[in-house]
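In order of appearance the chains are A, B, C and D, and numbering begins at 1 in each one.
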């Protein structure tokens, strides 16, 4: 019988609980502990998942003290990521952490965290879930196989289905730091090159009060890469037709397009039009497979000592692009980026 | 300067006039005469197309006497085809005739016509327009190139956008003889084999009064071919979403599908659905290119003595399948077909 | 905490084990016993799924004696279905059984089984999985809502990816009884009417030796319904491009098409063509959701005393169509069907 | 009989002759004169189109003196447009001129030309052909009808199938002035607002020697509009899969996408993939309808005194965006644009 990874899950909010349910049906992983400030309110659900009562903590620090926990999954809100990663690393736990590591405009803390992770010799996987999506992964692989020759233009459309409450934004980050961050990572992933300059324009065309929290709802961005190519990104906080997630990579020998998924292949022909199903409505549904794959690949990295697919340095690089984009948004000028050295 | 084919056009009804306009802008053909019983009512339109007054006839027989007419296009209603083809052949004119040659349940007259055509050494092209449609032609060529291996199943969906007046049906033929006739030809064309048995079921689900003229509005048919393969055909007189014209050919190495055209590539994403344009609404629009191509290929066959693409024998074969289908409809039993010998 | 259905699983072959794994991660069901003639060879896998050793039987009859088993799932090969259903009914177990109930050309045994099920007051769900597929279910619901008006033509294309070994065919039934059976059920489901006549033509275009076991690899069928409408079905045992599963329903107000799923939305534009992913390759992948849904809906029917979606009578009706189709195939003539009375 | 517009055609190069052939089959227009420096070499072709010998000029100025010429079509190369428009206006001829009016970095001459046109009271239509393309026109109309609410992001992908010779580029303009010019016009047309700032990045990823003539082959651009919205444009000189022409308009109530046309609807399913036809290969084929429509709408504007769809001011506005884009490309900074006043 194959060895299972003994893991703890920290953060059982909506996303965290979805992950917990996924993980609990995986044959690679055994959940030996969970932690959440509100863990007491979840007793019935945790019973159903056979999480024993003595393995439930309201303070994540207690979970880190449990000896048989080899690895932790961190699904708390962004503003707590750095602290928890730091503690987990010190307790010699391997770590999978929701992206981004930080929503700060200063990289210093991030670099410190990555150094601590390195010093303690634990593995850290950043959960940029889109890298683990089957379509985007397939696209990536075809680019790397040379199917389109040299990549020249990456085109990313990423639009959320609806506005978020302002207080939530304050906890998880503005559009750039919570949402576009994925596009920065995706652009690097597809182009296979590093970003050297960013130009970003944004506006509040949907909810003007977003200005009060220094945020926007509409964003267009040009990234210049070291290889001479470009990425263009467009974001909106509100696409009435669903969660719009498309990536296109154009190169010297062709083009790859990863189109939206829809819930159904049913086509309805009537007197007025041919009606198809809309794109999937939200991230939980769109990235179901991605969320499972990122967990499985993390478990595999540890169980079989395989390389981590998306490392801490990737998070730092995305953060650095985000900081430059924010500066460009504020100054109205393109902003150059120093390529991050190896950590 | 290249020689032009000097041609006469017989029949200037709706379809005939559409053809006349097409032909008059072609560089391969010079229209030297037209004939229609109502030709006097068309003087303004014929002026615009530069048809000289002395080249306009109300009786097609007078047109046939005009010496410089090398070839005639026959666009009159089906019940006149045999007579006009016969006369034209006797006057040594090459002939392109709208399909079918006949809507009769007896082949004798058709065979007689084809013999007269042969004896007079003129070329006869039957205008089974779908053979000249770029999509179906492309599909045909790919089948013949072996792209799908041995063809095993041909699937044809052919649905008209709306009911026709009963008096028109009496002139142009019932569903089988006016409409399905095209599908019989298309099935043979794609399969590359001859039909040996027909089973047809039909009903009046849309207009029950069609029973009064011995017609149906809904039809499903199985054809068995000499090579062991099958065609399945479904017809309806009324598809509210447009003129539905699809062909699929399945074989040992793959499948080819010729899908409907729509008027537009515009996709409209809204709160409810993704809306696309419907299929093209009617034959005049759907087969614009086919109607031009059949004329050009006919002109080419004569000017360059190239083989005719769709000959009289093809019309006889389709008629024979139609007669068997009608008999199957009436008896409720499959009907065997003798393969037509060469004429 | 919600009550779980306590169930036993009979038959742990490839399909059975797939189901077992699905069910074991469902919150609605607790697996309290399994039975398979080869159960000893599965000990490691069953350990992983936490099936206790004393709940594993090599003889299904022993499982039926276990008191806390409320319901059984029967995933054995078709030739054993009737016997096991009979026994399970006598032991007052609710039953979900893989379709079809029988591959016999005689209905008597089937009718007997259904009567025993009725007498013992247990619920029986037939696992015609396609009814539980989200696309086909969506299509069905839209038809019933009147989106296309009165349904007139149902068109089903159902092609398997490859030939099966002859000995397997002998156990699970010929093309008509194993494969087309699904299409018969689907046609009735979509049309909402009963079949009154069948015409079937079949041939061995792929594997001529199938004749030795009285089977075919290529099949085309016309069904006539009591409401005057038709279904046309085409089957092949070998579609090189994957598992081809399409349903189209045409009616007085429009058309619905449930197209194939493919594994990917990635489009590859190159010098020669635009390449898309093929349809999903086989039933296990194509009907993943259907297999889960059928189990969940069965559990729901029992836990909440809701109606069964696909009952024993549906299996009998499909069997009766199959028997008629077989007769048509052999005689070359259409075969009438008496509509099955209520049991 | 309806009055025809009596027109002269100036410039019979490849594009000019295509237009001449189109126009000569239109019932709205009578071609009474043509002019081209090489007119003598075209005698056979002009004979075929029934252009009388005394209506053929080698110097366009002689054509302008012909009294019955009401309007002229100018299809010469870009560097001659301003001069010929100026002369034609002075001779009181209505004018349709290929875009752009000028490839100069200085607007003064353009403004002078537009003033002369105005003073002479003639109509001037600029042939931004894409506005007359049925798909883009349909998209435009749906946007104006409010189908997507307030437009927020316009996304244009415009890629040529292959590199052009450098000497041709010198005559017709660099990528920005010959090609992207269409995208600038399309962006304004779709957004319904004026551009206030441009940011452009370009590179020579395909043909590095383009640097020698101060040109690029890869271009990404962000336009900011007065209404707060954005356009993002990406261009390449070489898309191996064809002429890629797509427009997407995103707004508060939905999205419209005008996708590429392909030559065929045939789908080829084989063991490896589903293969579709590539996008149409080049502008002559892609914009066949657009080229005809722009001529017909110009004729209609004059014959029925209807408003001109695309006026001289539109050309000036596109030129001004082009000048700013060029400046941005050279400085690496965004460049603000003064909205052009009415002329």
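Quick note on the criterion: a contact is a pair of C-beta atoms (placed from the backbone, for glycine too) under 8 Å apart; a residue touches a chain by one contact, two chains touch by 3 or more.
The model shown is predicted, which means the values in this text are computed figures rather than measured ones.
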- Which chain is most remote from subunit B in terms of Cα centres? A
- Copies subunit B and subunit C touch; is their interface built from the same residue numbers (over half shared) or different ones? same
- Contact-richer chain pair (by C-beta pairs counted) among C-D and A-D: A-D
- Distance-wise, how many Å sit between the C-alpha centres of subunit A and subunit C, to the nearest whole number? 40
- Query: How many angstrom lie between the CA centroids of subunit A and subunit D, rounded to a whole number?
  - Reply: 43
- Query: What is the distance, in whole Å, between the centres of subunit C and subunit D, each centre taken as the mean of its C-alpha atoms?
  - Reply: 58
- Item | For subunit C, residues contacting two or more additional chains | 239-241, 253-255, 268-271
- Using the touch rule from the top, collect the residues of subunit C that touch subunit B in their complex. 150, 152-153, 155, 157, 159, 199, 201, 203, 205-206, 218, 220, 222, 224, 228-230, 232, 234, 236, 238-241, 244, 250, 252-255, 332-334
- Query: Which positions of subunit C touch subunit A when the two form their complex?
  - Reply: 1, 25, 27, 44, 47-48, 134-135, 138-139, 142, 147-148, 253-261, 263-271
- Task: Over in the complex, which subunit C residues touch subunit D? Could you list them?
- Result: 239-242, 262, 268-279
